[in-house]
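What follows is chain A paired twice: with chain B in the first complex and chain C in the second.
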Partner chain A sequence: MYGRRASQLLKELSSNEKSQLTAFNTDMFGEVLKECNTHHLELQSLMRKIQEEGLDMQTTRNADHFGAVIHHLSLMRNKRCLMAYAYNRAEVIQSLRWMVGPVLPQEIQAKLNQSEKEYFKNHSAALEAYMSELDLDLTVDMVPPKDPYIRVRLLDDIGDDVVLDDQTHNFVRHSIHLLKRTDAEQYISQGLMEELSG
Partner chain B sequence: MAQYYDIDDIVMEEEIVSVVFQVAANGVGLLDPSAETNSVAQGSKVELPFWLAQELHVRQAVAMNVLACFNQKTRKEVQADAACVDLRNRCPYFYELGCKIAPLVGDRTIGSFLLYTFSSRYKEVLSKAHSAAFVVAPKFLSILTKEEIHLYEAARSSMAAFKKWRVGGPRFERASILGRKRRPAD
Partner chain C sequence: MELGSEEGLGISSEDYDSLIATTDVELLKRAWRNEKASPEILQFQTSLVQRSREQIQLMEDTVEEFPKNCTDPLTVSLYQMDLDRMLFVLRSYLRTRLQKIEKYFIHISKSDLWNRLSDQEQKFAKKCTDYMEKHLQRSVLSHLPYGYQSILRQSISSEEDDMVPEPRLDTFVFCKSKGSVGAFQLDDSGDEIVDLVADDLYVLRYKSIKSLVESGQIDLV
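After this line comes the complex of A and B, so read on.
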């Protein structure tokens, strides 16, 4: 059936949890593109046939016309599916910059295709340029702060000579520190620290 | 056009509708499995995805039949006890598709039928969302349509957010994309 493959792409996308990514389905994407080309060829050959019969393209309503319409509609449908696939992935990729930071971990990198990596890099650069113009880090304090300092526990070794706020911290696993929340936020969202409450 | 990129909208339009071709169409033999040539003959009954059927219906090339999920049998079942009918099995996009199909097939009763179904199932969905234990939820969820599942999730998450706000707790969380909290194997 026409457009079946394209909608499978989107079903795959919608079965993911929100803001989770799977690897870019290059094979299926290519198949749909191929299907588009077939529709295009069929469409052209039907239109040629109408012209050869000496009929007016605008007003003819014969079997060839409706065949062409169906191919045209299928083409548009496939286009819409591919666009939606790329668009919805791009939305997630954009949000990665805000949630994870300018450098993506390896397992996420592997799920993006080349142009998506490019997109992430450019989005990140644009955001950074804007932030340096404002002289303000927009990605911190995504949750309104109650207290400028928070207590955190290390979930992994980061290093023993990390300098934050003119102080050297010994960030070894399981140690507990009192940090400025703006400094801690990036580590927490990367999963290296957790906030201790109470 | 606002919904151009909406995944649910696209997947919904993939639902199969049965139509009767009012005209012949060349070069699309794939649509009709019983066709001997590479074309669809006038008067042949074909199953099409909704996105194609809708456009062809507007061009008066096909006549659309009402979907099986809006037939008398379903209506009787819904009248008996709406909350227990397995709508997901019939059509996961029951309401959305119903809204789109009603003006096309010119059946005025579909609108009120949808409203009746929704309002009688609504109460059940919300009360289950707050009361059902997490273990029995999957069984109940399997009869809901997409729309109702969204409602159910919304009710649950607002309840969870309220509880979190009352109790307090860590406000920072690790980015959800990085997956569940899992200690890497040492």
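After this line comes the complex of A and C, so read on.
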């Protein structure tokens, strides 16, 4: 059946949880692209047939015409599906910049294809250019602040001479600190600290 | 940032309300709420953002001065909190706008919404468009047969751009008017007319009150 592979591709995308990615399905993607080209060849041969029979392309309404229309529509549908696949993935990749930061962890990197990796880098650079022009970091402060200070626990060693706010902190694993929320947020998003609530 | 209590200043509560409603903090909060609730991007508040940033800078300097003057730690922390909140609103405002641009850059750059962006946002939108085009070109479009390679149109036989994501303007929004707007016509046919009373809450289609939001007569909440 025409267009089935493309819809499988999208089903795979929509069955993911929001803002989660699976590896780029290169095989299926390639299959759909191949299908597109087959449709195009069929379409062209039908059009040629209509012409050879000496009929007017605009007004002919015979079997060949409707065959051609079906190939045209299937091709268009496949295109929409492929574009939706690539575009929606790109949107998730954009949102990673906000949630994870400028450097993606290895396990996410592995799920992107070459063009997507490049897109992430480019998009991230565009955002950084905007922020540096404004001289304001927009990726911190994602939730409304309640208290200027929060209690955090270190999940990993960061270093014993980190200077924040004119104070030297000894950031070793499992130690607990009271930090300014704005200072701590960058570490939390990198997964180096966790906030202790209550 | 807050003014003292009304008794302390000896002004009537009405004056106080109108005074509070026109401080930059309130204006920024209003712009932020509108931007958050509206499906499409609104006019960038150039001078308001400029003023807010200057005030934030001033507050940061003040807070930094405090420890040297041995001010009460509680006072410092209150100022710090106020500062943090204002910074949050400002960041969230700019962020909400960027996220709309990320979503609808093609639609924005083709329509007169383009003029609503700040210079920096326009630069950002341009880059977004370039990179997304490059990415889609490389992964999908360049592999498709001739006639189907446009990013804007489904195929060469489409008469207009039919592949551009657009915000849904007929979505419902909550809104509240500050002053009485009076009878307002919701659709072109004139069948539906709503009497907008001050401070009443309404749920209406964004499309129909778009002009009131743009002129500032009504606020989204």
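Following the convention adopted for this analysis, the second predicted complex is superposed on the first by the 198 of 198 C-alpha atoms of A that agree within 3 Å, B and C clash if a C-alpha of one lies under 4 Å from a C-alpha of the other, contacts with A are read in each partner's own complex, and residues count from 1 in each chain.
Throughout what follows, a contact is a pair of C-beta atoms (placed from the backbone, for glycine too) under 8 Å apart; a residue touches a chain by one contact, two chains touch by 3 or more.
Since we're looking at a predicted model, the values are computed, not measured.
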Which superposed partner A:Y87 touches (first chain B, second chain C, both, neither): both
First (chain B), second (chain C), both or neither touched by A:Q190: first
First, second, both or neither for A:R5, with chain B first and chain C second: neither
Partner chain in contact with A:H123 - chain B first, chain C second, else both or neither: second
Touching partner for A:P105 - first (chain B), second (chain C), both, neither: first
Residue contacts with chain A in the superposition, chain B compared against chain C: B
Doubly contacted chain A residues - partners chain C and chain B: 80, 83, 87, 181
List of chain B residues in touch with chain A within their complex: 4-8, 10-11, 14, 23-28, 30-31, 39, 49, 51-52, 55-56, 59, 61, 168-178, 181, 183
Contacting residues of chain A [partner chain B, same complex]: 1-4, 7, 10-11, 13-14, 19-21, 42, 45-46, 61-64, 66-71, 73-74, 77, 80-81, 83-84, 87-88, 92, 96, 99-100, 105, 108, 143, 146, 150, 155, 181, 184-185, 188-191, 194-198
Chain A-facing residues of chain C, complex: 53, 77, 80-81, 84-85, 87-88, 90-92, 94-95, 98, 102-103, 120-121, 123-124, 127-128, 131-132, 134-136, 138-140, 143-145, 148, 154-155, 157, 163
Of all residues in chain A, those that touch chain C in their complex: 29, 33, 36-37, 40, 72, 75-76, 79-80, 82-83, 86-87, 90-91, 94, 98, 113, 115-116, 118-119, 122-123, 125-127, 129-130, 133-134, 136, 138, 140-141, 144-145, 147-148, 181-182
